[in-house]
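I've put the structures underneath this note.
Next, two complexes with chain A in common: one pairs it with chain B, the other with chain C.
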Partner chain A sequence: MSDNKSFLIVNRKAPFGSAFAKEALDVGLIAAAFGQKLSLLFMDDGVYQLLKNQNPSDINQKNSSQTLPMLEMYDVKDIYVEAESLQARNLQSEDLLISVQIIDSQATAELIDQQDILLNF
Partner chain B sequence: MKYSLAIYGAPYSSQAADTAFSFAEAAIARGHEIYRLFFYLDGVHNASNLATPPQDENDLPARWRELIKTQNIDAVVCIAAGLRRGLLDEVEQQRYEKTGNNLSEGFTLSGLGQLIDAGTHSDRLITFGA
Partner chain C sequence: MILHTVNKSPLQNNSLDSCLRIAQPDCAILLIEDAVYAATDTANGLISEQVLSLHKVYALIPDLKARGLLERIKPGIELVNYDGFVTLTEQFDSVQSWY
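And now, the complex of A and B:
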(Lines of atoms letter the chains of each structure in order from A and count residues from 1; the text may use other names and numbers.)
(Lines give C-alpha, C1' and ligand atoms only; values in the text may rest on other atoms or scores of the structure.)
Protein backbone atom coordinates (compact mmCIF):
# COMPACT_ATOMS: atom_id res chain seq x y z
CA MET A 1 0.00 0.00 0.00
CA SER A 2 1.30 3.42 -0.91
CA ASP A 3 1.80 5.81 1.96
CA ASN A 4 0.95 8.70 -0.32
CA LYS A 5 -2.51 8.06 -1.64
CA SER A 6 -4.64 10.64 -3.41
CA PHE A 7 -7.49 12.02 -1.32
CA LEU A 8 -10.55 13.82 -2.64
CA ILE A 9 -12.80 15.66 -0.22
CA VAL A 10 -16.28 15.98 -1.70
CA ASN A 11 -18.29 18.88 -0.25
CA ARG A 12 -21.98 18.65 -1.04
CA LYS A 13 -23.74 20.52 1.75
CA ALA A 14 -24.50 24.18 2.41
CA PRO A 15 -22.05 26.01 4.70
CA PHE A 16 -24.58 26.43 7.51
CA GLY A 17 -27.40 24.27 8.80
CA SER A 18 -25.05 21.41 9.64
CA ALA A 19 -21.45 21.02 10.78
CA PHE A 20 -20.37 19.15 7.65
CA ALA A 21 -18.80 22.10 5.78
CA LYS A 22 -16.75 23.26 8.74
CA GLU A 23 -15.57 19.81 9.79
CA ALA A 24 -14.79 18.86 6.17
CA LEU A 25 -12.52 21.87 5.87
CA ASP A 26 -10.73 20.75 9.05
CA VAL A 27 -10.09 17.37 7.43
CA GLY A 28 -8.76 19.11 4.32
CA LEU A 29 -6.31 21.21 6.29
CA ILE A 30 -5.06 18.19 8.24
CA ALA A 31 -4.67 16.08 5.09
CA ALA A 32 -2.71 18.92 3.51
CA ALA A 33 -0.56 19.31 6.62
CA PHE A 34 0.19 15.58 6.44
CA GLY A 35 1.47 16.12 2.92
CA GLN A 36 -1.12 13.93 1.22
CA LYS A 37 -2.01 14.48 -2.41
CA LEU A 38 -5.26 16.32 -1.85
CA SER A 39 -8.02 17.65 -4.07
CA LEU A 40 -11.29 19.27 -3.09
CA LEU A 41 -14.55 19.10 -4.99
CA PHE A 42 -17.55 21.31 -4.34
CA MET A 43 -20.87 20.27 -5.83
CA ASP A 44 -24.62 20.46 -5.17
CA ASP A 45 -25.30 22.86 -2.25
CA GLY A 46 -21.61 22.55 -1.36
CA VAL A 47 -20.87 25.32 -3.88
CA TYR A 48 -22.45 27.77 -1.43
CA GLN A 49 -19.48 27.13 0.89
CA LEU A 50 -17.34 29.14 -1.54
CA LEU A 51 -19.49 32.28 -1.71
CA LYS A 52 -17.93 35.65 -0.99
CA ASN A 53 -19.26 37.92 1.74
CA GLN A 54 -20.59 35.32 4.13
CA ASN A 55 -21.68 36.86 7.42
CA PRO A 56 -22.87 34.11 9.75
CA SER A 57 -22.27 36.00 13.01
CA ASP A 58 -26.00 36.78 13.06
CA ILE A 59 -26.65 33.08 13.57
CA ASN A 60 -23.79 32.70 16.06
CA GLN A 61 -21.58 30.76 13.68
CA LYS A 62 -17.93 31.25 12.85
CA ASN A 63 -17.15 32.31 9.31
CA SER A 64 -15.33 29.20 8.13
CA SER A 65 -15.04 30.58 4.62
CA GLN A 66 -12.28 32.84 5.94
CA THR A 67 -10.22 29.68 6.39
CA LEU A 68 -10.52 28.74 2.70
CA PRO A 69 -7.58 30.91 1.57
CA MET A 70 -5.40 28.89 3.98
CA LEU A 71 -5.66 25.97 1.56
CA GLU A 72 -3.38 27.86 -0.79
CA MET A 73 -0.85 28.34 2.01
CA TYR A 74 -0.85 24.56 2.41
CA ASP A 75 -0.20 24.26 -1.33
CA VAL A 76 -3.63 22.79 -2.09
CA LYS A 77 -4.22 23.88 -5.66
CA ASP A 78 -6.59 21.23 -6.95
CA ILE A 79 -9.92 22.77 -6.02
CA TYR A 80 -12.77 21.84 -8.33
CA VAL A 81 -16.35 23.02 -8.67
CA GLU A 82 -18.96 21.20 -10.69
CA ALA A 83 -20.28 23.56 -13.38
CA GLU A 84 -23.83 22.22 -13.36
CA SER A 85 -24.14 22.87 -9.61
CA LEU A 86 -23.13 26.51 -10.15
CA GLN A 87 -25.50 26.95 -13.09
CA ALA A 88 -28.44 25.45 -11.24
CA ARG A 89 -27.92 28.07 -8.52
CA ASN A 90 -27.29 30.97 -10.91
CA LEU A 91 -23.73 31.41 -9.63
CA GLN A 92 -20.59 32.39 -11.53
CA SER A 93 -16.89 32.09 -10.73
CA GLU A 94 -16.86 35.81 -9.77
CA ASP A 95 -19.17 34.96 -6.88
CA LEU A 96 -16.57 32.66 -5.35
CA LEU A 97 -14.04 33.54 -2.68
CA ILE A 98 -11.10 31.54 -4.02
CA SER A 99 -9.94 30.61 -7.48
CA VAL A 100 -11.19 27.19 -8.54
CA GLN A 101 -11.29 24.96 -11.59
CA ILE A 102 -14.81 24.65 -12.91
CA ILE A 103 -15.44 21.25 -14.50
CA ASP A 104 -18.53 19.65 -16.03
CA SER A 105 -20.22 16.56 -14.60
CA GLN A 106 -18.36 14.23 -16.98
CA ALA A 107 -14.99 15.60 -15.79
CA THR A 108 -16.29 15.39 -12.21
CA ALA A 109 -16.96 11.69 -12.68
CA GLU A 110 -13.45 11.22 -14.06
CA LEU A 111 -11.94 13.19 -11.17
CA ILE A 112 -13.72 10.94 -8.66
CA ASP A 113 -12.64 7.85 -10.57
CA GLN A 114 -8.95 8.83 -10.36
CA GLN A 115 -8.82 9.00 -6.55
CA ASP A 116 -7.58 6.45 -4.05
CA ILE A 117 -9.67 7.81 -1.17
CA LEU A 118 -12.96 9.72 -1.23
CA LEU A 119 -14.12 11.57 1.84
CA ASN A 120 -17.73 12.66 1.45
CA PHE A 121 -19.20 15.49 3.48
CA MET B 1 -9.11 -7.00 3.20
CA LYS B 2 -8.25 -4.21 5.60
CA TYR B 3 -11.16 -1.84 6.23
CA SER B 4 -11.51 1.42 8.09
CA LEU B 5 -14.87 2.98 8.87
CA ALA B 6 -15.57 6.71 9.25
CA ILE B 7 -18.79 7.16 11.21
CA TYR B 8 -20.53 10.55 11.14
CA GLY B 9 -23.99 9.67 12.40
CA ALA B 10 -25.15 9.69 16.04
CA PRO B 11 -27.02 6.68 17.39
CA TYR B 12 -30.81 7.14 17.52
CA SER B 13 -30.66 10.11 15.11
CA SER B 14 -29.87 8.37 11.84
CA GLN B 15 -29.34 4.81 10.70
CA ALA B 16 -25.74 5.50 9.74
CA ALA B 17 -24.18 4.20 12.93
CA ASP B 18 -26.34 1.04 12.96
CA THR B 19 -25.32 0.32 9.38
CA ALA B 20 -21.67 0.92 10.21
CA PHE B 21 -21.94 -1.51 13.11
CA SER B 22 -23.57 -4.18 10.95
CA PHE B 23 -20.88 -3.68 8.32
CA ALA B 24 -18.11 -4.06 10.90
CA GLU B 25 -19.67 -7.27 12.24
CA ALA B 26 -20.14 -8.70 8.76
CA ALA B 27 -16.61 -7.80 7.67
CA ILE B 28 -15.15 -9.52 10.72
CA ALA B 29 -17.39 -12.57 10.20
CA ARG B 30 -16.00 -12.86 6.66
CA GLY B 31 -12.44 -12.82 7.97
CA HIS B 32 -11.59 -9.23 7.11
CA GLU B 33 -9.66 -6.90 9.37
CA ILE B 34 -10.93 -3.60 10.78
CA TYR B 35 -7.90 -1.30 10.85
CA ARG B 36 -9.71 1.54 12.58
CA LEU B 37 -13.10 2.97 13.49
CA PHE B 38 -13.02 6.75 13.29
CA PHE B 39 -15.91 8.65 14.89
CA TYR B 40 -16.40 12.20 13.63
CA LEU B 41 -19.11 14.88 13.53
CA ASP B 42 -22.20 13.62 15.42
CA GLY B 43 -20.73 10.12 15.26
CA VAL B 44 -18.79 10.90 18.43
CA HIS B 45 -21.95 10.18 20.44
CA ASN B 46 -21.51 6.47 19.71
CA ALA B 47 -18.65 6.58 22.22
CA SER B 48 -20.70 7.86 25.15
CA ASN B 49 -21.03 5.55 28.13
CA LEU B 50 -23.96 7.62 29.38
CA ALA B 51 -26.39 6.77 26.59
CA THR B 52 -29.40 5.17 28.23
CA PRO B 53 -31.86 3.85 25.65
CA PRO B 54 -35.08 2.11 26.73
CA GLN B 55 -34.52 -1.58 27.47
CA ASP B 56 -36.42 -2.76 24.41
CA GLU B 57 -34.20 -0.74 22.05
CA ASN B 58 -30.86 -1.60 20.52
CA ASP B 59 -28.14 -0.30 22.86
CA LEU B 60 -25.72 0.64 20.09
CA PRO B 61 -23.08 2.34 22.28
CA ALA B 62 -22.93 -0.84 24.41
CA ARG B 63 -22.64 -3.03 21.31
CA TRP B 64 -19.76 -0.90 20.00
CA ARG B 65 -18.00 -1.30 23.37
CA GLU B 66 -18.46 -5.07 23.24
CA LEU B 67 -17.28 -5.40 19.63
CA ILE B 68 -14.27 -3.16 20.16
CA LYS B 69 -13.28 -5.13 23.26
CA THR B 70 -13.78 -8.66 21.93
CA GLN B 71 -12.20 -7.94 18.54
CA ASN B 72 -9.54 -5.58 19.92
CA ILE B 73 -10.37 -2.86 17.37
CA ASP B 74 -8.68 0.55 17.28
CA ALA B 75 -11.56 2.99 17.92
CA VAL B 76 -10.75 6.69 17.68
CA VAL B 77 -12.99 9.65 18.47
CA CYS B 78 -11.95 12.97 16.93
CA ILE B 79 -10.94 15.01 19.95
CA ALA B 80 -12.09 18.38 18.57
CA ALA B 81 -15.47 17.01 17.46
CA GLY B 82 -15.83 15.14 20.76
CA LEU B 83 -14.97 18.02 23.08
CA ARG B 84 -17.42 20.32 21.28
CA ARG B 85 -20.20 17.81 21.77
CA GLY B 86 -19.38 16.88 25.38
CA LEU B 87 -17.43 13.65 24.85
CA LEU B 88 -14.57 13.68 27.37
CA ASP B 89 -12.16 11.22 28.89
CA GLU B 90 -10.66 11.66 32.34
CA VAL B 91 -7.67 13.65 31.06
CA GLU B 92 -9.86 16.16 29.24
CA GLN B 93 -12.25 16.35 32.18
CA GLN B 94 -9.37 17.47 34.38
CA ARG B 95 -7.88 19.77 31.74
CA TYR B 96 -11.15 21.66 31.30
CA GLU B 97 -12.31 21.23 34.90
CA LYS B 98 -15.59 19.56 33.97
CA THR B 99 -17.88 17.67 36.32
CA GLY B 100 -17.61 14.31 34.61
CA ASN B 101 -16.34 12.20 31.76
CA ASN B 102 -18.16 9.79 29.50
CA LEU B 103 -15.82 8.25 26.93
CA SER B 104 -16.50 4.52 26.77
CA GLU B 105 -13.75 2.06 27.56
CA GLY B 106 -11.88 0.97 24.45
CA PHE B 107 -12.20 4.32 22.66
CA THR B 108 -9.45 6.93 22.47
CA LEU B 109 -9.61 10.65 21.79
CA SER B 110 -7.19 11.65 19.07
CA GLY B 111 -6.78 13.97 16.09
CA LEU B 112 -7.98 14.01 12.50
CA GLY B 113 -4.59 12.72 11.45
CA GLN B 114 -5.92 9.30 12.49
CA LEU B 115 -8.57 9.54 9.77
CA ILE B 116 -5.95 10.35 7.14
CA ASP B 117 -3.77 7.52 8.48
CA ALA B 118 -6.75 5.15 8.23
CA GLY B 119 -7.20 6.10 4.59
CA THR B 120 -3.53 5.60 3.89
CA HIS B 121 -3.17 2.23 5.61
CA SER B 122 -6.46 0.53 4.74
CA ASP B 123 -7.54 -1.14 1.52
CA ARG B 124 -10.91 0.57 1.87
CA LEU B 125 -12.13 3.54 3.91
CA ILE B 126 -15.92 3.63 4.07
CA THR B 127 -17.97 6.58 5.26
CA PHE B 128 -21.26 6.17 7.09
CA GLY B 129 -23.59 9.14 7.51
CA ALA B 130 -22.43 11.81 5.05
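And now, the complex of A and C:
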Protein backbone atom coordinates (compact mmCIF):
# COMPACT_ATOMS: atom_id res chain seq x y z
CA MET A 1 0.00 0.00 0.00
CA SER A 2 1.13 3.52 -0.67
CA ASP A 3 2.20 5.89 2.07
CA ASN A 4 -0.42 6.89 4.58
CA LYS A 5 -2.19 10.07 3.74
CA SER A 6 -3.11 12.68 6.29
CA PHE A 7 -6.84 13.04 6.96
CA LEU A 8 -8.59 15.93 8.65
CA ILE A 9 -12.19 15.57 9.77
CA VAL A 10 -13.79 19.01 10.03
CA ASN A 11 -16.74 19.05 12.44
CA ARG A 12 -18.96 22.13 12.11
CA LYS A 13 -22.41 20.94 13.22
CA ALA A 14 -24.02 20.69 16.63
CA PRO A 15 -24.78 17.16 17.86
CA PHE A 16 -28.30 15.61 17.68
CA GLY A 17 -29.91 18.13 15.29
CA SER A 18 -28.47 16.09 12.43
CA ALA A 19 -26.51 12.85 12.03
CA PHE A 20 -23.30 14.64 11.00
CA ALA A 21 -21.60 14.51 14.39
CA LYS A 22 -22.22 10.80 14.86
CA GLU A 23 -21.16 9.96 11.31
CA ALA A 24 -17.98 12.02 11.59
CA LEU A 25 -17.04 10.12 14.71
CA ASP A 26 -17.75 6.78 13.02
CA VAL A 27 -15.52 7.75 10.10
CA GLY A 28 -12.84 8.96 12.51
CA LEU A 29 -12.80 5.70 14.45
CA ILE A 30 -12.66 3.64 11.26
CA ALA A 31 -9.81 5.73 9.84
CA ALA A 32 -8.00 5.39 13.15
CA ALA A 33 -8.56 1.63 13.23
CA PHE A 34 -6.89 1.42 9.83
CA GLY A 35 -3.92 3.33 11.16
CA GLN A 36 -4.44 6.43 9.05
CA LYS A 37 -2.82 9.71 10.04
CA LEU A 38 -5.90 11.39 11.40
CA SER A 39 -6.63 14.80 12.90
CA LEU A 40 -9.95 16.24 14.01
CA LEU A 41 -10.99 19.86 13.92
CA PHE A 42 -14.02 21.24 15.72
CA MET A 43 -15.24 24.69 14.77
CA ASP A 44 -18.47 26.71 14.58
CA ASP A 45 -21.36 24.76 16.18
CA GLY A 46 -19.17 21.64 15.99
CA VAL A 47 -17.58 22.71 19.29
CA TYR A 48 -20.91 21.89 20.97
CA GLN A 49 -20.15 18.21 20.26
CA LEU A 50 -17.46 18.41 22.93
CA LEU A 51 -19.59 19.80 25.77
CA LYS A 52 -19.64 17.89 29.04
CA ASN A 53 -22.80 16.43 30.60
CA GLN A 54 -24.58 15.45 27.38
CA ASN A 55 -27.41 13.01 28.01
CA PRO A 56 -29.76 12.34 25.08
CA SER A 57 -31.67 9.45 26.71
CA ASP A 58 -34.91 11.49 26.75
CA ILE A 59 -34.69 12.23 23.02
CA ASN A 60 -33.93 8.59 22.17
CA GLN A 61 -30.54 9.21 20.65
CA LYS A 62 -27.19 7.59 21.26
CA ASN A 63 -24.72 9.55 23.36
CA SER A 64 -21.87 9.89 20.86
CA SER A 65 -20.00 12.16 23.23
CA GLN A 66 -19.24 9.08 25.34
CA THR A 67 -17.31 7.69 22.37
CA LEU A 68 -15.01 10.72 22.15
CA PRO A 69 -12.60 9.50 24.86
CA MET A 70 -12.10 6.32 22.75
CA LEU A 71 -10.24 8.39 20.17
CA GLU A 72 -7.26 8.47 22.49
CA MET A 73 -7.32 4.66 22.75
CA TYR A 74 -7.07 4.61 18.97
CA ASP A 75 -4.04 6.87 19.23
CA VAL A 76 -5.84 9.89 17.80
CA LYS A 77 -4.16 12.73 19.64
CA ASP A 78 -4.44 15.56 17.15
CA ILE A 79 -7.74 17.08 18.16
CA TYR A 80 -8.07 20.79 17.47
CA VAL A 81 -10.66 23.39 18.36
CA GLU A 82 -10.81 26.82 16.80
CA ALA A 83 -10.51 29.44 19.53
CA GLU A 84 -12.84 31.94 17.87
CA SER A 85 -15.67 29.38 17.78
CA LEU A 86 -15.26 28.65 21.49
CA GLN A 87 -15.14 32.35 22.32
CA ALA A 88 -18.30 33.09 20.32
CA ARG A 89 -20.08 30.49 22.45
CA ASN A 90 -18.67 31.62 25.78
CA LEU A 91 -16.96 28.24 26.22
CA GLN A 92 -13.60 27.36 27.73
CA SER A 93 -11.44 24.23 27.72
CA GLU A 94 -12.90 23.26 31.15
CA ASP A 95 -16.33 22.97 29.50
CA LEU A 96 -15.06 20.26 27.13
CA LEU A 97 -14.99 16.56 27.93
CA ILE A 98 -11.72 15.68 26.23
CA SER A 99 -8.43 17.52 26.14
CA VAL A 100 -7.91 19.40 22.90
CA GLN A 101 -5.51 21.83 21.32
CA ILE A 102 -7.09 25.24 20.99
CA ILE A 103 -5.81 27.10 17.93
CA ASP A 104 -6.64 30.45 16.35
CA SER A 105 -8.09 30.93 12.84
CA GLN A 106 -4.67 31.40 11.28
CA ALA A 107 -3.43 28.11 12.73
CA THR A 108 -6.70 26.50 11.64
CA ALA A 109 -6.08 27.66 8.09
CA GLU A 110 -2.58 26.18 8.23
CA LEU A 111 -3.91 22.91 9.65
CA ILE A 112 -6.36 22.61 6.75
CA ASP A 113 -3.61 23.52 4.30
CA GLN A 114 -1.33 20.72 5.53
CA GLN A 115 -3.76 17.86 4.88
CA ASP A 116 -3.94 15.41 1.99
CA ILE A 117 -7.62 14.68 2.48
CA LEU A 118 -10.37 16.84 4.01
CA LEU A 119 -13.63 15.32 5.21
CA ASN A 120 -16.35 17.79 6.13
CA PHE A 121 -19.24 17.07 8.46
CA MET B 1 -52.05 34.51 19.62
CA ILE B 2 -49.35 32.38 18.12
CA LEU B 3 -46.83 29.97 19.57
CA HIS B 4 -43.57 30.30 17.65
CA THR B 5 -41.33 27.25 17.71
CA VAL B 6 -37.70 27.43 16.58
CA ASN B 7 -35.48 24.37 16.11
CA LYS B 8 -32.23 25.66 14.58
CA SER B 9 -29.04 26.81 16.25
CA PRO B 10 -28.98 30.64 16.40
CA LEU B 11 -25.34 30.71 15.31
CA GLN B 12 -25.76 28.58 12.21
CA ASN B 13 -29.14 29.66 10.87
CA ASN B 14 -31.33 32.76 10.82
CA SER B 15 -34.58 31.06 11.96
CA LEU B 16 -34.47 32.68 15.37
CA ASP B 17 -33.72 36.12 13.89
CA SER B 18 -36.75 35.82 11.63
CA CYS B 19 -38.93 34.59 14.46
CA LEU B 20 -37.94 37.52 16.68
CA ARG B 21 -38.55 39.99 13.86
CA ILE B 22 -42.07 38.70 13.26
CA ALA B 23 -43.29 37.64 16.70
CA GLN B 24 -45.85 40.03 18.22
CA PRO B 25 -45.71 40.94 21.91
CA ASP B 26 -48.54 38.60 22.98
CA CYS B 27 -46.88 35.63 21.27
CA ALA B 28 -44.74 33.02 23.00
CA ILE B 29 -41.52 31.47 21.72
CA LEU B 30 -40.60 27.85 22.34
CA LEU B 31 -37.00 26.79 21.68
CA ILE B 32 -36.56 23.14 20.72
CA GLU B 33 -33.82 20.88 19.28
CA ASP B 34 -30.72 22.92 18.28
CA ALA B 35 -32.48 26.20 19.09
CA VAL B 36 -32.11 25.45 22.80
CA TYR B 37 -28.52 26.75 22.54
CA ALA B 38 -30.16 30.20 22.34
CA ALA B 39 -31.61 29.65 25.82
CA THR B 40 -28.12 29.42 27.34
CA ASP B 41 -25.02 31.49 27.95
CA THR B 42 -23.28 29.60 25.11
CA ALA B 43 -24.91 31.38 22.20
CA ASN B 44 -25.23 34.92 20.91
CA GLY B 45 -27.45 37.31 22.82
CA LEU B 46 -30.50 37.04 20.57
CA ILE B 47 -32.73 36.21 23.52
CA SER B 48 -32.08 39.58 25.14
CA GLU B 49 -33.64 41.26 28.16
CA GLN B 50 -35.82 43.16 25.72
CA VAL B 51 -37.03 39.95 24.04
CA LEU B 52 -37.77 38.46 27.45
CA SER B 53 -39.74 41.56 28.44
CA LEU B 54 -41.90 41.27 25.30
CA HIS B 55 -42.37 37.51 25.05
CA LYS B 56 -42.68 34.50 27.23
CA VAL B 57 -39.76 32.30 26.13
CA TYR B 58 -39.74 28.57 26.78
CA ALA B 59 -37.10 25.89 26.18
CA LEU B 60 -37.57 22.13 26.02
CA ILE B 61 -35.89 20.23 28.87
CA PRO B 62 -35.09 16.95 27.04
CA ASP B 63 -33.24 18.88 24.31
CA LEU B 64 -31.30 20.93 26.88
CA LYS B 65 -30.40 17.78 28.82
CA ALA B 66 -29.24 15.99 25.64
CA ARG B 67 -26.84 18.82 24.84
CA GLY B 68 -25.39 19.25 28.34
CA LEU B 69 -27.01 22.66 28.83
CA LEU B 70 -29.21 22.31 31.92
CA GLU B 71 -26.73 24.21 34.11
CA ARG B 72 -26.32 27.05 31.62
CA ILE B 73 -29.84 28.43 31.14
CA LYS B 74 -30.26 32.19 30.99
CA PRO B 75 -32.47 33.67 33.71
CA GLY B 76 -35.99 34.49 32.56
CA ILE B 77 -36.45 31.46 30.32
CA GLU B 78 -39.07 28.97 31.37
CA LEU B 79 -38.34 25.26 31.01
CA VAL B 80 -40.96 22.79 29.82
CA ASN B 81 -41.16 19.07 29.28
CA TYR B 82 -43.00 17.31 26.43
CA ASP B 83 -46.25 17.64 28.41
CA GLY B 84 -45.68 21.38 28.67
CA PHE B 85 -45.04 21.52 24.93
CA VAL B 86 -48.44 19.93 24.30
CA THR B 87 -50.13 22.27 26.78
CA LEU B 88 -48.62 25.28 25.01
CA THR B 89 -49.90 24.13 21.63
CA GLU B 90 -53.36 23.90 23.18
CA GLN B 91 -53.17 27.38 24.73
CA PHE B 92 -52.36 29.20 21.49
CA ASP B 93 -54.51 29.64 18.39
CA SER B 94 -51.83 28.31 16.09
CA VAL B 95 -48.21 27.25 15.90
CA GLN B 96 -45.66 28.85 13.60
CA SER B 97 -42.61 26.60 13.11
CA TRP B 98 -39.38 28.34 12.17
CA TYR B 99 -37.12 25.59 10.87
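Heads up, the rule we're going with is that the second predicted complex is superposed on the first by the 118 of 121 C-alpha atoms of A that agree within 3 Å, B and C clash if a C-alpha of one lies under 4 Å from a C-alpha of the other, contacts with A are read in each partner's own complex, and residues count from 1 in each chain.
Basically, contacts are C-beta pairs under 8 Å (C-beta built on N, C-alpha and C of every residue); 3 or more make two chains touch, one makes a residue touch a chain.
The structure displayed is predicted, hence computed values, not measured ones.
Trainee: Evaluate whether chain B and chain C can sit on chain A together after superposition, giving fit or clash.
Mentor: In the arrangement built by aligning on chain A, the partners chain C and chain B fit side by side.
Trainee: Let me test your reading of the model: by the given contact rule, A:54 touches which partner, first (chain B), second (chain C), both or neither?
Mentor: second
Trainee: Using the superposition on chain A described above, determine whether A:27 touches chain B (first), chain C (second), both, or neither.
Mentor: Touch partner of A:27: chain B, not chain C.
Trainee: Angle at the Cα centre of chain A spanned by the Cα centres of chain C and chain B: state it in steps of 10 degrees.
Mentor: In the superposed arrangement it comes to 90 degrees.
Trainee: Examine A:45 and indicate which partner it touches, taking first as chain B and second as chain C; both and neither are also allowed.
Mentor: second
Trainee: Looking at A:19 after the superposition, I want to know if it touches chain B, chain C, both of them or none. Which is it: first, second, both, neither?
Mentor: first
Trainee: By the touch definition at the top of the document, which applies to A:77: first (chain B), second (chain C), both, or neither?
Mentor: A:77: touches no partner chain.
Trainee: Thinking of the overlay built on chain A, is A:89 touched by chain B (first), by chain C (second), by both, or by neither?
Mentor: second
Trainee: Contact-wise, after the overlay, does A:62 reach chain B, chain C, both or neither (first, second, both, neither)?
Mentor: Touch status of A:62: no partner.
Trainee: Just to confirm the value: shortest Cα separation between chain B and chain C in the superposed three-chain model, in whole Å.
Mentor: 14
Trainee: Could you give the residue numbers on chain A that contact chain B in one complex and chain C in the other?
Mentor: none
Trainee: Can you name the residues of chain A that touch chain C in the complex?
Mentor: On the chain A side, the touching residues are 13-17, 44-45, 48, 51-56, 58-59, 61, 65, 88-91.
Trainee: Hey, which residues of chain A end up touching chain B in the complex?
Mentor: 1-5, 7, 12, 19-20, 23, 26-27, 30-31, 34, 36, 116-121
Trainee: Show me the residue ranges of chain B that touch chain A in the complex, using the header's touch definition.
Mentor: 6, 8, 40-42, 80-81, 111-113, 115-116, 119-121, 123, 125, 127, 130
Trainee: Mind pulling up the chain C residues that touch chain A in the complex?
Mentor: Going by the criterion above, the answer is residues 7-9, 11-12, 33-34, 37, 41-44, 61-63, 65-71.
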